[in-house]
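Structures follow.
Each of the next two complexes has subunit A plus one more chain, namely subunit B in the first and subunit C in the second.
And then the complex of A and B:
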């Protein structure tokens, strides 16, 4: 059965890879600017915060949970930083305060989900509203800007060659989370719990600790992404990153991660990120924007998100009939 | 309408007298400039009208490069605008015309565009800090809005004057508050001495609430002859309320409205006169400004004067409404009445 699941995922990744190749070839044929270094960097930079958060979201969903509060935590973190900075706190401390707000959000989410046992859908939905509320109260409708040059430079300029800090963080996280998920004991537990929560409990897995770790990590990564976003835009508003959670979750699902938990891997999500980013960029360079762009990406996502889940539903029903 | 044209001409004359003023520059048609018109988002009428105006200017200037009208969806406005500016920079266009919806968050992307030699012109809504922006093409200015409303009130109520009330958007709507303040300032002129403003109510730019508030005004101030609504939602609701209650002979409606929505009420006399700037003209002027900046015929400096086709002469000045930045002030208002509303509603 594991082999079958493995084959299915391999098939899915193969599909994504084929799709990616098609998109890249079409883009290359269509725009002479596509393969420029600057464009490739922009292609990542324009969505970098979302894809950073998507990596951590992958672990959450494989674990059989969901974190809807990530975008609000991004906004809250940026606003805590902006508000403290305006109040006269030196920027490094303001950033630390922002990260602390992320830790707090993660602990709150984790407490209700892991220790009280409430569904993550409900808890993080409350978080989505609550943390956004904090962001809006702190910054309101006025933008807060005028950060020191080094802060803006971190978000907007290359740190190592053309690679920005955000891109480096993304690549590092991809490597580390890949190792954790597919090489470390914690990663195995993430799958075990996602596959069968009860069985994991009975076999002595410290479910609470794993879930708590994941939700704190998710919020911390979101808080970091919020700061990177603030640095990239050089200005903070209360509505920052609003609505990003849906984009983030769809990236993960397109990557072949089952919304029911227990299956999927980081490689698929990496491919999904490349597919979406290159598709968006190609359309942007072809001057396709607005609703047309949204519809094309939406159609792809509907198709791709439905396909594996329908396949799985059929598979489960089939299995049910056999027993 | 004539006096606003005159006022505009007077402003221009002042501009020409100021030090460093140049002669009116006329655009050289036929230069290939790749230009992007970027609204706050796609799919609403005023932006489509601006697009139409820009297309008109593009045709007049015989720009062989096609105008790109690109915009995000309303839900993705901020990130979408940044993405479009970034991609336009990659493509190496010559000018980007932005109705900015991203506050200063557009600044890094706009600055990179400028660094790549692209002219960044804002219209309708500027970049607050003016960083990354060459020129802002402003539709009208607040003082003028106040005078236009005072004049319409005087014209509708006649020389004998009378009482009027205001139906506004929300109590904290920045534009409306500034316009009302400007009108109250204008009313201090002795020529409006017989006009008496009796109250302000707020319809929050919701049709039903505005409708009820308009009726409440009539109950509360029985003698009023006019409701002035400096909001395109409020003015329609007030006109409908007066029409439904058969009050149009006693209480008239005026303010800022969209011709298409006001057509019926202007025709039946409920709202004999109202005003708005033309988004078509705004798009047209924005295109001329950006084109001439891109060709290098004008520079983004105070005192630069140019001719924008059928709209006439304009001068770049410092923007008095922001700490920094330059602007081209479009003006004048278009005043609509039974004689021209039909044509404008098309």
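And then the complex of A and C:
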């Protein structure tokens, strides 16, 4: 047990943990405000919707698929809510309608991917453009605001102590998805399918049902994240959350999840989230602009796969010389 | 039927039906919009498609090798800006200089992608997702958020988008549109007949087999990325000429439009099949819809929704219909082989 934990620490998660420690120490030396409760909450709040969606994306990528449409589903859900609210529907019902739009998007994605067998990259690329289109049709170029006070408070103020609703949802999802992925039968199936789709199919795994479940769950989580985003901003526009999909996928891949499916775990993604949030926050405190932050994270993403490959190549060459 | 089958490949049916679909779309728009069949409509569609098409040609080569290049939008932005700054600083430079700067810079950026994918063994989606952010970040830092403006550019460059190469039956064919067309034709011929370009298909169809028969797989991947970068660089120059004002946002989001054009054009996202002409037709289909929906008085916000549906239909028809056609062709080939050697019983 301890040996297994130690082995894991020497691997990917250990690397991320070391990186995290370095970042935290540097940040602490840099700014006295860094470890304050306010800054920690703020650090999570700034990217909270992305990291919520990234948790579900982890399962999709381990399953050997990808969902490019999440950011557009976020936008669509927020726009469905705003449009129905503006049309006179009470806000709770408008939020329900938004969640229903998420379910619909998930069913559409899942149908084409799981039952027709189209590549998820193509289907969700169509979804990325199409669902954004629905958002644009509903809201056009307006910004819809003026929601009841409780809605904005839900997105911006602490619900339990300083923890906002979004942060509580994130923590709960992390726990639940961790249990599902690493402790439940469904989680094993996600890995089995991601490792070898054909073998899984011939072993009688209900591949279609698992994939359908994952894509519906992904879209529903994205729809929820869209609502949380709307509550935090207090205003909804057609281009909301545009381009988030790339950031979300970056978080998951930096967490050591293989883009080819079958390997990776939620702990790695959790660490990757902490690394990215603290790195961005630290760079922000050091007055480094958003674009440079994004470049640094892009470089980190490439290095995260490149470095182990180089290390392995050197190791093989070194071994070969010895014998 | 046999005669037909020998001369036509399933992919060509796919391209022909896409062409038919474009014609149908044009006819529908023509009946719904007054003064649709004019030289102006043609120009609008052509100049909106040309940049996407040039980038899509490069993207097709990369996708054929089972990779993807998501950094093209950032490469277009960087090359447009750098070439723009150079020509703005010295308006007397010969015309070829900004073109060369853009293409060379693009090729260098493509080479970075290619080396990381082929020799670093990092999946292309990770590499180009990273360089998408890195190249854009470098551009923002390099530019200091300044903008290249039209009035700083020499007159020949500003006039270039309006320059006609020739006029055919009332249609003014612009120099830049002709350039894009020439690139499509050149790469279509190369990928059809040149050994070096057929290797893209060989690698994408079966990477292990390509490696086993001794193809230089790493060099092929590098070549595809360098060409994609160089063509994106050329598209960067075209962007500079077309828009004149280049901000650090130039080309942002282009990668998804380009991938969409390739997918609609029947380029298989898992490599090994698809053509350059197909990618161009995909671009033309998207451009036609985009520009025509803009002219229709109905809500312009419908554009994206229609486009998403179109991509889905293209991919679905590809999977369902083309798979059947390919199976039909393969079965006929097998029968023919069996008929030609029935007695000896040897494996063909």
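Operating definition for what follows: the second predicted complex is superposed on the first by the 293 of 323 C-alpha atoms of A that agree within 3 Å, B and C clash if a C-alpha of one lies under 4 Å from a C-alpha of the other, contacts with A are read in each partner's own complex, and residues count from 1 in each chain.
Note that contacts are C-beta pairs under 8 Å (C-beta built on N, C-alpha and C of every residue); 3 or more make two chains touch, one makes a residue touch a chain.
Since we're looking at a predicted model, the values are computed, not measured.
Enquirer: Touch check for A:243: first (subunit B), second (subunit C), both, or neither?
Expert: Touch partners of A:243: subunit B and subunit C.
Enquirer: A:129 in the overlay: touching subunit B, subunit C, both, or neither? Say first, second, both or neither.
Expert: In the superposed model, A:129 contacts subunit C only, not subunit B.
Enquirer: First (subunit B), second (subunit C), both or neither: which does A:119 touch?
Expert: It touches subunit C, and subunit B stays clear.
Enquirer: Just to be sure I read the superposition right, which of the two partners does A:42 touch: subunit B = first, subunit C = second, or both, or neither?
Expert: Once the two structures are laid over each other on A, A:42 reaches subunit B alone.
Enquirer: For A:260, select first, second, both or neither according to whether it touches subunit B, subunit C, the two together, or no partner.
Expert: After superposition on chain A, A:260 lies in contact with subunit C alone.
Enquirer: Once the structures are superposed on A, label A:111 by its partner contacts, choosing first (subunit B), second (subunit C), both or neither.
Expert: neither
Enquirer: Thinking of the overlay built on chain A, is A:298 touched by subunit B (first), by subunit C (second), by both, or by neither?
Expert: The second partner, subunit C, only.
Enquirer: Following superposition on chain A, which residues of subunit A contact subunit B and also contact subunit C?
Expert: Touching subunit B and subunit C on subunit A: residues 243, 289, 291, 294.
Enquirer: For the complex, give me every residue of subunit C touching subunit A.
Expert: Its residues touching subunit A are 70, 116, 120-123, 125-127, 129-134, 136-138, 140-141, 253, 256, 259-260, 263, 269-270, 299, 301-312, 315-316, 319-320.
Enquirer: Which subunit A residues qualify as touching subunit C in the complex?
Expert: 112, 116-119, 121-123, 125-134, 136-137, 140, 238, 243, 246, 249-250, 253, 259-260, 289, 291-292, 294-299, 301-302, 305-306, 309-310
Enquirer: Going by the contact rule at the top, pick out the subunit A residues touching subunit B in the complex.
Expert: Contacts found on subunit A: 31, 33, 36, 38-39, 42, 45-46, 143, 145, 152, 155-156, 232-235, 237, 239, 243, 280-281, 284-285, 287, 289-291, 294.
Enquirer: What residues on subunit B touch subunit A, complex-wise?
Expert: Spelled out, the residues of subunit B in touch with subunit A are 41-43, 68, 70-73, 75-76, 78-80, 82-84, 86-87, 90-92, 103-105, 107-108, 128-129.
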